[in-house]
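Mind looking over this structure? Questions follow.
Think of it as A, B and C in the order they're written, each chain with its own count starting at 1.
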Amino acid sequence: MSGLALRLDCPGDQDFRLQLECELPDRGITAVYGPSASGKSTLLDCIAGLRRPDAGSRVCFRGEQWQLGKQFTPPWQRAIGYVFQDARLFPHLSARGNLEYALARRPGESAITLEKVTRWLELEPLFDQPPATLSAGQKQRVAIARALLSAPQLLLLDEPTANLDHAASQQCLGYLQRLATELELPMVYVSHDIEEVSQLADHLLLLEGGQRVDQGSMLALCNRLDSRLSQEEQAAAIAVGTIARDEPQYGLTRLDIEGQSLYVTQLSQPVGQQRRIRIPARDVSVCRQYPRQSSILNILPVTLCEIEPGTGPRILLRLSLGSQYLLARITRKSAMELDLQVGDALFAQIKSAALLMEGTDHIE
Amino acid sequence: MRFALLSLLVLALPAWSQETLRVAVAANFKPTLAAINTLFERQTGHRVLLSSASTGVLYSQITQGAPFDIFFSADRATAQRLANAGTGSAAFCYAVGRLVLVGGELARLTDPNSSLAIGNPASAPYGRAALEVLQRTQFKAGEARKLVRGNNVAQAYQFWYSKAVELALIPRSLAPDAAVVIPGQWHAALAQYAVVLQPGTALDAYLKLIRSDTVRSLINEAGYEPCP
Amino acid sequence: MSASELDAISLTVALASITTVILLVLGTPLAWWLSRHRGNVAALVEAVVAMPLILPPTVLGFYLLLLFAPDTALGQLWQQLTGTRLAFSFSALVIGSVIYSLPFVVQPLQSAFQRIPEGLLQASATLGANPFDQFRSVVLPLTRRSFVTAASLGFAHTVGEFGVVLMIGGNIPGETQVLSIALYDQVESLQFAEAHRLAGGLVLFSLALLFWLYRRDRQLLWGVRA
């Protein structure tokens, strides 16, 4: 089943040109990541039909041509929902009015009812309020609900948490994660925040200066040394673990990764659930011998599979743990002194406090 | 030497004593008076500023203090009123006007589907006269015609000239070659009177010219009749 | 008040009302188009719309007079369609008033439309609204006040029309003798008492209307002149 096929040639707002040819999957969350003025918003606008790329461009979703040659389907005929950075609620309608606006215009029946989105996004108390009285976080929730109520087959989100404070932001991401799983609705999520992207994305498209720099599954891209991501300061590997046991007396939860134990701050979640863990490279150090009586709880046996070539003071290491990977950023001097070689069996030490993944619960 | 100076003085005299006359004239007489004024300016070196409007409008302006030296009305009553009020000195007749019909024969006045322009009867004596003519029993059949009132007789003529209306009843002075001249008995006499508002030397010369034979024949040629 | 004065008033009210309705119907799409386009064509259209603001009414009156004459294309077309003459008719006044009061209706509407953020319309497009729907469901509710303002200004401005009517009206009682012309007539024929009545009434009407408008919207003047 084909997803979103794109061939775009479109001038952006600032001095760049979006030139892209790629195919995005038709399930899960695809994050579009890049610095400002890399074409991310232009990309969303082109998919939505709010912007018309130049001749020769092509937009096709699940076999339906939205743009090909001279043919151009206008935005109101495309089965998309769009959550904007600034919510864009209609000021003359209450929150409920905004939701009903979407309801009145959706093309057919859908499992997404007003009652459901109200429950999912906890909108009940906001119903009769005019948008002007809502906080940024509340507005964004209404905006997400409104976009969902238009029964889209593809949901586009343009940095929806940009205007939210940390708490509201995390809450919003939580909602989105649940919705993605529950609704099986593919999403294209634009962000310049790598931590956010790490939390949500299944698939990643990296843009820079209007060009595609990299594309692939989130896990794969994160854990590669040659990816753009790893060049960043907050480069991090993403691992998947299963919740094994809570240790409430210590405020910790133990996760199972590839047969090894990983302790993280307590997650109040049922045992057996799978979670993503983001492990920043700078929080990982390596040693040849198992350190006895160390205060660090998380010490995992790994194999060194790749050393980043370079002349800078710090270098990246790629470590394999079973079928998963970790990244470690150490000083080049240490690497020399430890005489690290590919294939070495090492121990990776990870500060447990560094592992962040905020909670998500199942949606009923 | 003395002679040269003296002659210079004499030649300069008109320039020194050049005055400006402000003249108000009813719309129908304007073209004629404009020609007379040119004559006056050439002869005496005085300047004449001419203001034209309907009789009623000019009367309003004069009673509100407009600074005219002499007023050529289109009727007798208005000039007389000014004289009686003391605003002006004795009124005198300077021409008798005639109405003409342009755009068709007299019979067209019985056509209810025609359009006809006249001056505004409220403020133009020629308009009042035209109305008198139209109210004659012989033209009763044409009562339902589209009757358009120009702000002054000049505008009535302009309406006909720009073909916005088919016919117009206007002063002969505005259309001297018009074929259909309305019989004088069909309306109150259009004796036009002038009244002096500000006496002066220049004005005296002006009056002298108005009463001269040259001007009299000028006025006649323009389509007016001599005063009784 | 005499019959002719009542005639003049009802004629003026009819003229202003019909003109306002026509201007709202014609002016709304025009104002919308202007609010959403830039470039030379838009600038030209904007300039043409604004011309009645600065041209002397006599200019407009002159050209209309020539245009409505029975021997022109328009005059003859009118004659064929309606069987009546266009020159010196109430319809001629309506056409003249529509042109004359156009900027007073279009400019407030255009200002209001320009204040609608494009983002809101994009949002409504993604929710399934086509351009007409966007206008009806987003733009109209948000600009209701400006419609009232535009209508009031168009109405009031038409009531005050004089120069144009003087040139193309023909001063026909019951058909083209509107208030301003009737007043002029009264002054000309020295009926000052009646003139005071009409003029005074018009002053009070204008003052009341403008006061009400300015109270509602302090930005009014800029909306018109911008």
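To be clear about the criterion, a residue touches a chain if its C-beta (ideal position, glycine included) is under 8 Å from a C-beta of that chain, and two chains touch if they have at least 3 such contacts.
The model shown is predicted, which means the values in this text are computed figures rather than measured ones.
S.K.: Could you pull out the chain whose C-alpha mean position is farthest off from that of chain C?
M.R.: Result for max centroid distance from chain C is chain A.
S.K.: By CA centroids, point me to the most central chain in this structure.
M.R.: Taking the mean of all protein C-alpha atoms as reference, the closest chain is C.
S.K.: How many angstrom lie between the CA centroids of chain B and chain C, rounded to a whole number?
M.R.: 38
S.K.: Counting in whole Å, what is the centre-to-centre distance of chain A and chain B, each centre being its mean C-alpha position?
M.R.: Roughly 92 Å separates the two chain centres.
S.K.: Could you state the distance in Å from the CA-based centre of chain A to that of chain C?
M.R.: Those two chain centres are 56 Å apart.
S.K.: Mind pulling up the chain B residues that touch chain C in the complex?
M.R.: Touch list, chain B to chain C: 54, 56-57, 59-60, 115, 117, 120, 122-123, 146-151, 159, 162-166.
S.K.: Touching chain C in the complex: which residues of chain A?
M.R.: By the definition above, chain A touches chain C via 48-50, 74-76, 80-82, 84, 86, 88, 90-92, 101-102, 105-107, 146-147, 150.
S.K.: In their complex, what parts of chain C are in touch with chain B?
M.R.: Residues 65-66, 68-71, 85, 87-88, 166, 170-172, 185, 187-190.
S.K.: In the complex of these two chains, what residues of chain C are touching chain A?
M.R.: Contacts found on chain C: 117, 119-120, 122-130, 133, 137-138, 141-142.
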